[in-house]
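One structure is given below, encoded as structure tokens.
So that you can tell them apart, the chains are marked A, B and C in the order they are listed, and the count of residues begins at 1 in each.
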């Protein structure tokens, strides 16, 4: 049974570790063909929210709903619809790009693993380096492979945690174009980043987080940097 | 703390104070004489040690599969008491052995198996203390394996020690139904329940404090 | 957009096989864990030899004990290194995110560890036989039975505990702290059975008893591990 859904909803989601509150009562909704940005400084809780959305962690309070399905009732079938690109890339440096992609394609049930891997390499523009070990790649190249790995099973929900880290301009532009293409295909994209310049003009909706709290939500934000400063500079935001 | 706690603590204190007299009045054991009397503390401790380990194991299983924090607190408290009562067993045992048979340690199957169980309880506490976040689940997993291991430890140690011929014969502990024995068992059982309740209470206070800290963040 | 996705046909077995194959592929690239574990195991044996051998003779049953201790120590090292690799790029998370039965990932990793330890044993057994004049190779079938059932038991617990500890603090020292008390029956049974096989008149019934115990233990531990893997891996 494969699960598909039209939207992801977070309802009053909180997560704490002992005494430390990582997230406090976060609520939002993201639908198909939409890019939602989680913005905030380091330690705001963006990575935690991504992990919660990926079902790698369970919320301490509140609920995350995928369509009508709740995260704690469905396991493997829900994971088939989720793709995550973490900060740590999730690639085996000893294996080649092709081997990494073939492995994950097989593991994630992407049909014909070798074909999917070849197609992904084409997408990433790395067909000529396919048989080189990932360990020899630059950060940008690794990022491209990692993105393809995250998308190889064509998930409905795409989660990206700081995907622009260490990318040069060309790679960043390529990533932005890719995300726009995903949106056009109807995916739900949640993007956590503190790189405001790159996210500018890309987001359909932005959630501003600080110290685990939701400071503001802005639909169709523009001039992100000034909006961000204005919101974060408000009194009462400690 | 529930209402029964203080009165029962008083009762427990009185019972323990009375126990030496009751033990002294029990029948003298033929071969070992006075030394055998330590058995009246040793055996109940061993039973409570086992009981505590079982409580820890069951609470760990329930915590692992249901996620109830109450069960986690219970498991933690029970693990500490397993270490405590295990220590009593492992001290009284050799003391008895030394006086009765001249050697401190005899690789007796029960004592050796108890030692292994004790080590697992210690490992539980070490994981809780040094494992960082998520260590409650790790410890619960360990407790489950510890419990599943009990029959294997007993059987393997038992057959292992027959390779080492015992120089003296360790008698099977006589389960005579004397008043002294059951009185001691009652003492230790009461002590166990009280300590468990007290320790769980401490964990509950800690949890309440954590919740207060969290709500401060609101 | 998302085309019809297959949920990993052949499910459990296929996932386990994919993970195992990946582990073997990664290991073959550098052979780092294989070489270092092997070298460590050999050093262990030599260490014990220097410590215990008197006038050119090992203590009674010394060979069996030294063999199993070397396996346990080398196994602990291999477990730590294998999961350190999964920690490196957080690839364990990627494995857990797979739309497959999570216990299948455990099985894949378990088989990899068993394979690694088996390779170490292939070197250790002749080495110990050679150094201590122990006729270890006189009953190959029974020795293999003992080694396999013991290795499975040790690895089953070790793989689970190592996976559990990947995100914990003090994980290097906590692995032996957790692993050794639990695997005491494995060591006892393994050593006793091996020692029995070294006797001039082998008592096969005794060996059978220990192997039966080990097999029972394997079943219980693997079942328990499969049962608890999912809750232990979820935060």
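Here is the rule we go by: a contact is a pair of C-beta atoms (placed from the backbone, for glycine too) under 8 Å apart; a residue touches a chain by one contact, two chains touch by 3 or more.
If you're wondering where the values come from, they're calculated on a predicted model, not measured in any experiment.
A.B. asks: Comparing chain centres built from Cα atoms against the global Cα centre, which chain wins on proximity?
C.D. replies: Nearest to the common C-alpha centre lies chain C.
A.B. asks: Just list the two chains that share the greatest number of C-beta contact pairs.
C.D. replies: Highest contact count among chain pairs: A-C.
A.B. asks: If you average the CA atoms of chain B and of chain C, how many Å lie between those two points?
C.D. replies: Distance between chain centres, rounded to whole Å: 31 Å.
A.B. asks: Would you kindly tell me how far, in whole Å, the mean C-alpha position of chain C lies from that of chain A?
C.D. replies: Chain A and chain C have C-alpha centres separated by 37 Å.
A.B. asks: In angstrom, rounded to a whole number, how far apart do the mean CA points of chain A and chain B lie?
C.D. replies: Taking the mean C-alpha position of each chain, the two centres sit 49 Å apart.
A.B. asks: Which chain B residues reach two or more other chains?
C.D. replies: Residues 133 of chain B each touch two or more of the other chains.
A.B. asks: If a residue has to touch 2 or more other chains to count, which residues of chain C qualify?
C.D. replies: Only 235 qualify.
A.B. asks: Show the residues in chain A shared as contacts by 2 or more other chains, in ascending order.
C.D. replies: none
A.B. asks: Can you check the complex and tell me which residues of chain A touch chain B?
C.D. replies: That would be residues 16-19, 21, 24, 211-212 of chain A.
A.B. asks: Once bound in the complex, which stretches of chain C touch chain A?
C.D. replies: 1-9, 14-15, 18-19, 21-22, 25-26, 29-30, 85, 88-91, 93-102, 230, 234-235
A.B. asks: If you look only at chain C, which of its residues touch chain B in the complex?
C.D. replies: Counting only chain C, the residues touching chain B are 157, 160-161, 164-165, 167-170, 174, 177-178, 181-182, 184-185, 188-189, 192, 209-210, 213, 216-217, 220-221, 224, 228, 231-232, 235.
A.B. asks: Which residues of chain B touch chain C once you look at their complex with the stated criterion?
C.D. replies: 64-65, 116, 119-120, 123, 126-127, 130-135, 137-138, 141-142, 144-146, 148-149, 152-153, 155-157, 159-160, 163
A.B. asks: Give every residue of chain A touching chain C within the complex, in rising order.
C.D. replies: Result: residues 1-2, 4, 51, 54, 56-58, 75-82, 84, 86, 88-95, 99, 103-104, 106-111, 133, 149, 153-156, 182, 185-187 of chain A touch chain C.
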